[in-house]
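A quick write-up on the structure given underneath.
When the chains are written out, they are named A, B and C in that same order, and each has its own residue count from 1.
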Amino acid sequence: MKWSEFFTSSVGKKLVMALTGLFLISFLVVHAGVNACIFKDYFVPTDDGDMFNRAADFMGRTVVIRIMEVVLFAGFLVHIIQGLMLELQNRSKRKTGYQVNLGNRGSKWYSRSMGLLGTILLIFLVLHWWHFWIPSRFTHAGLENPVWLSNGRESHDMFMLMQVTFSEWWVVIAYIAACISLAWHLIHGFQSAFRTLGISNSRYIGLANTIGIGYSILIPLLFALMPLSYKMGWIGA
Amino acid sequence: MEHYTMNLTLKVWKQKNANTAGSFETYQVKDISSEMSFLEMFDVLNEQLIRDGREPIAFDHDCREGICGMCSMYINGRPHGPWHGTTTCQLHMRAFKDGDTIVVEPWRANAFPVVKDLVVDRTSFDRIIQAGGYISANTGSAVDGNAIPIDKNKADKAFAAAACIGCGACVAACKNSSAMLFVSAKVSHLALLPQGDVERKSRVLNMVSQMDKEGFGSCTFTQACEAVCPKEISVSNISRLNAEYIVAGLTSENS
Amino acid sequence: MLDSKIPAGKLEEKWVDYKGHCKLVNPANKRKLEIIIVGTGLAGASAAAALAEQGYKVKAYCFQDSPRRAHSIAAQGGINAAKNYQNDGDSVFRLFYDTIKGGDYRAREANVHRLAEVSANIIDQCVAQGVPFAREYGGLLNNRSFGGTQVKRTFYAAGQTGQQLLIGAYQALERQVALGNVTMYNRHEMLEVVVIDGKARGIIARDLVTGKLERHFGHAVLLCTGGYGNVFYLSTNAMGSNVTAAWKAHRKGALFANPCFTQIHPTCIPVTGDHQSKLTLMSESLRNDGRIWVPKKQNDTRKANEIPEEERDYFLERRYPAFGNLVPRDVASRAAKERCDAGYGVGTTRQAVYLDFRYNLINKYGRAEASKKGIQNPDEATLVAFGKEVVKEEYGNLFDMYEKITGENPYEVPMRIYPAVHYTMGGLWVDYELMTNVPGLYSLGEANFSDHGANRLGASALMQGLADGYFVVPYTIGNYLADEIATKPIPVSHEAFETAEKSVSDRISTLMNIKGKQTVESFHKRLGKIMWEKCGMARNAQGLQEAIKEIQALKKEFWSDVRIPGDINEMNPELDKAGRVADFIELGELMCIDALDRNESCGGHFREEYQTPDGEALRQDDKHMYVAAWEMKGEHQWQLHKEELKYDVIKPTQRNYK
């Protein structure tokens, strides 16, 4: 079997979704970990985002991370394009629909709505990039005033950019909504990825389910707390 | 068990043949006994239609004991109707009450085109089996049945997968019209047995390839298939198929 | 006298000898020979696979949407084989003996011995195909016991043995389809045999989707079309099971043997009302663990669980202490009928007896499990809980099915069961090579009459179907086809095909043009009622004579007043059914004629005039030790040909299960 056949069959396509999905899941851990540094300001109000800015600065100047960024970009691209194509292809397999649908009697709504949840996340992603990634990499809009870090380096003040961005209620709400979508997307995606990778043993499926649910609640919750904390003045201010 | 009779309204898909468009027709049936099977209720309706000089409704059915896999109605939004682990022929009218409206549709999937009314063409399943759903053991060449002991646990699992009746409810219920539960049940049945080991790699690759050619969607693990399967085939078979596919694909010697 | 072509020599050497001397067809010539196989149950699918593996060009036909739907799939309990894996005294001879005795000495010794010989190969073949038979913890095959035997020789896969065996044969068949050796015709019904120069050379089949008639040529034609139990309307057969293919062959000159030999299965779910379309079997394997009883008091209206132990009559154990609940089917059925007729029946209709699992659930399984788990002196609730687990594994699907149909939970209350039509031992007459008297026309499995005599033992139908298909016909057909290698395929424009197709299309037009008032179904029900009441579990001369007249009148009425909706050239299930019912009506008449002619009781054929003082079947060996093979001479006219049955090895005696 050729590699091209291996990855383009219906099972192969799912395999691509699972592998990129798990890669993105591991990225989220790093992303959430770095960003969670903003909360030091809550516990130590004199921090003023120094810990977070140092972390962001480190990520920005480390070669391995910059390479991973390209891989990550590719991962997103493949996951999104493949996901959308799968959704469209799968929808096309039933030209005439049902009068009465099975609905929740056979499956969970979020399992059936991965395409929709994913699309919401894609829209969010564009917004998110526009807010942070594009300014930090290219336009530097809102980052005109550098900050001196405690390790003596000069850096973009990402902490301040977040504070400014999350001062608008609609942004906060949009981010929280995206986090909720992310949670549902993950609850299905996490365990499904392991099944796609061929885990059929009920012990490990149970484990994947439990960890998956924990992960799907914890990570999005952490993310959602960020805009909320700025807006509520728990940090920054 | 108390018995009762009921009057029902049926909304049934009528379609003359594969090339014409279909539509729903509404029928009334009276004095249906709670002891009847769902298909016996259809018999009563058809007898009534014939006597009234109208076209009876065509539907697939044969053994009427839940094993041949021929019956195939999508009843009130669920393949084989409301009972768990039950084929349409084993569904009994106790499941309904007086005054109910029941919507009956054919299996819907491009790979299962409608032949007439509620009858669909499921020969795609036969072609998937042709692609590798067997063990190549010519008649007369077998060793003694007890020559190879088989772990009881594995034999039981193989049997549970082999209990599939090929009715297609999994496809009908799946939002992607995926046939993965059907295909994985066969792949699992044969992969779990030592006799099936020899061909396991080519089998899974060829069956998946044929499944794709037939126009079934891909599995996204909504698990609706398992929920409606009259033989309660587990989705863990789909995971097993995936594992078989990955190993077979990665170790394939063809460039 | 008919020649059954049984090879000479000692019984146990006949088949070996035959195989050593029969003519062979070389592989190159096999590719030039075409074989038509009608029906894809165990016999048809196994024959198609086995013959295609050898290189013949096979065309297979089934009326269902896939060959996997054939009604063999519904067989529940198991398949017999003389493996003696249990070390309990089984052997080829013992299986042979049990089958002959179970058939009440109306089967051919040579055929049955061959069946017993190849039975072991069937299990090996099925295991090699991946049939997941039940196994012990050590990984070896498990067995259960069935009626009419005192050994455990039945191999099984829960209550779905037929399904697993058929799927095995179906997969072997589909493999040959993929290899191009078999062409499969789904949703096709055979409606005529084409005979050219006295030999079967093809069929006329109707595409049930388009309604078009098709002509197909074959050097030989195999009918593997199952039994005709649906002549009774209510039976355990599938809705589509029919006699049409066999009947067309009969009308073309093939003899129909022992049509009155019908098996009434003792353990079926009772009829609930007029709406009933079919009856559901509860496997004979349940009699391993279920005890059959009725109240000792007549018209007892108490619930089963309210009747104390000492007021229960375990009538099979009482009448047949040696075999108890595992007497053969005909014996068990009659005993149940006797109790119900005498007013001891249970349930609302009083036409049922109890099949009760509680005793073995507790004492056999419950105690074994408790002992395995090291529980001393377990209480009853624990035993019941353990017992239920084991029973669920053994028969879970049957218990579920019972609950779905009746709404009662058989783990808690005894099942109500009553005898129902299940299998037909009679069928097309075939010789030792499974060929009918029409050269080139074969019949396999339940469609032929050959191996079960007047009563079939449980778990032997699967055995016979697969024996015929996998291990018998691949040898015997070569013996015929070896002389056909020079025969070129006959073009279907041949006038014999032309005439055959015309007769089929004329008949269909006639049926469609009657445009009467009564539905096909209503005629079928009426036929079934006549047959069940007058040619059912018990028959007598007067009833049979009445039945013949009633059926003749019904036939006239059918052909003048049946209403078939729809058109010919479309999918029309009513038209398909009309053709089948028309054939059933003719068959019903022949069954009654045969039952009337056989002035004795044997196996499933119980003539009330011939019984022992305690109600057992009384054979008349001096007058009726023969196969009754009927030749159709014209409308309502048949001529009897006899094939004498010779018992060289077994001495026929009054069957005794006491």
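To be clear about the criterion, a contact is a pair of C-beta atoms (placed from the backbone, for glycine too) under 8 Å apart; a residue touches a chain by one contact, two chains touch by 3 or more.
Predicted, not measured: the structure shown is a model, and the values here were computed from it.
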| item | value |
| --- | --- |
| A-B against B-C, pair bridged by the larger set of C-beta contacts | B-C |
| Central chain of the complex, centres being mean CA coordinates | B |
| Separation of subunit A from subunit C, taking each centre as the mean of its C-alpha atoms, in whole Å | 63 |
| Rounded Å distance, subunit A centre to subunit B centre (Cα mean) | 38 |
| Inter-chain centre distance, subunit B versus subunit C - centres from mean C-alpha coordinates, in Å | 26 |
| Shared interface positions of subunit B, touching two or more other chains | none |
| Touching two or more other chains - residues of subunit C | none |
| Where subunit A touches two or more other chains at once, by residue number | none |
| Complex contacts: residues of subunit B adjacent to subunit C | 1, 16-17, 33, 35-37, 39-40, 43-44, 47, 49-51, 53-56, 58, 60-70, 83, 85-86, 90-92, 94, 115-116, 119, 121-123, 125-126, 129-131, 133-146, 148-152, 155-156, 158-159, 162-163, 165-166, 189-190, 193, 195-196 |
| Sites on subunit A touched by subunit B in the complex | 1-2, 5-6, 9-15, 86, 89-103, 105-108, 111-112, 114, 188, 191-192, 195-200, 202, 205 |
| Residues of subunit C that touch subunit B when the two form their complex | 46, 49-50, 53, 64-71, 73-74, 83, 85, 121, 123-130, 132-141, 157-158, 160, 162-164, 167, 170-172, 174-175, 177-178, 184, 186, 209, 236, 238-240, 272-273, 275-278, 280-281, 400-401, 404-408, 470-471, 474, 517, 519, 521-522, 563, 565-566, 570-571, 573-574 |
| Residues of subunit B that touch subunit A when the two form their complex | 11, 24, 74, 76-79, 103, 105, 108-111, 173, 175-178, 180, 205, 208-209, 211-212, 215-225, 227-228, 235-250, 252, 254-255 |
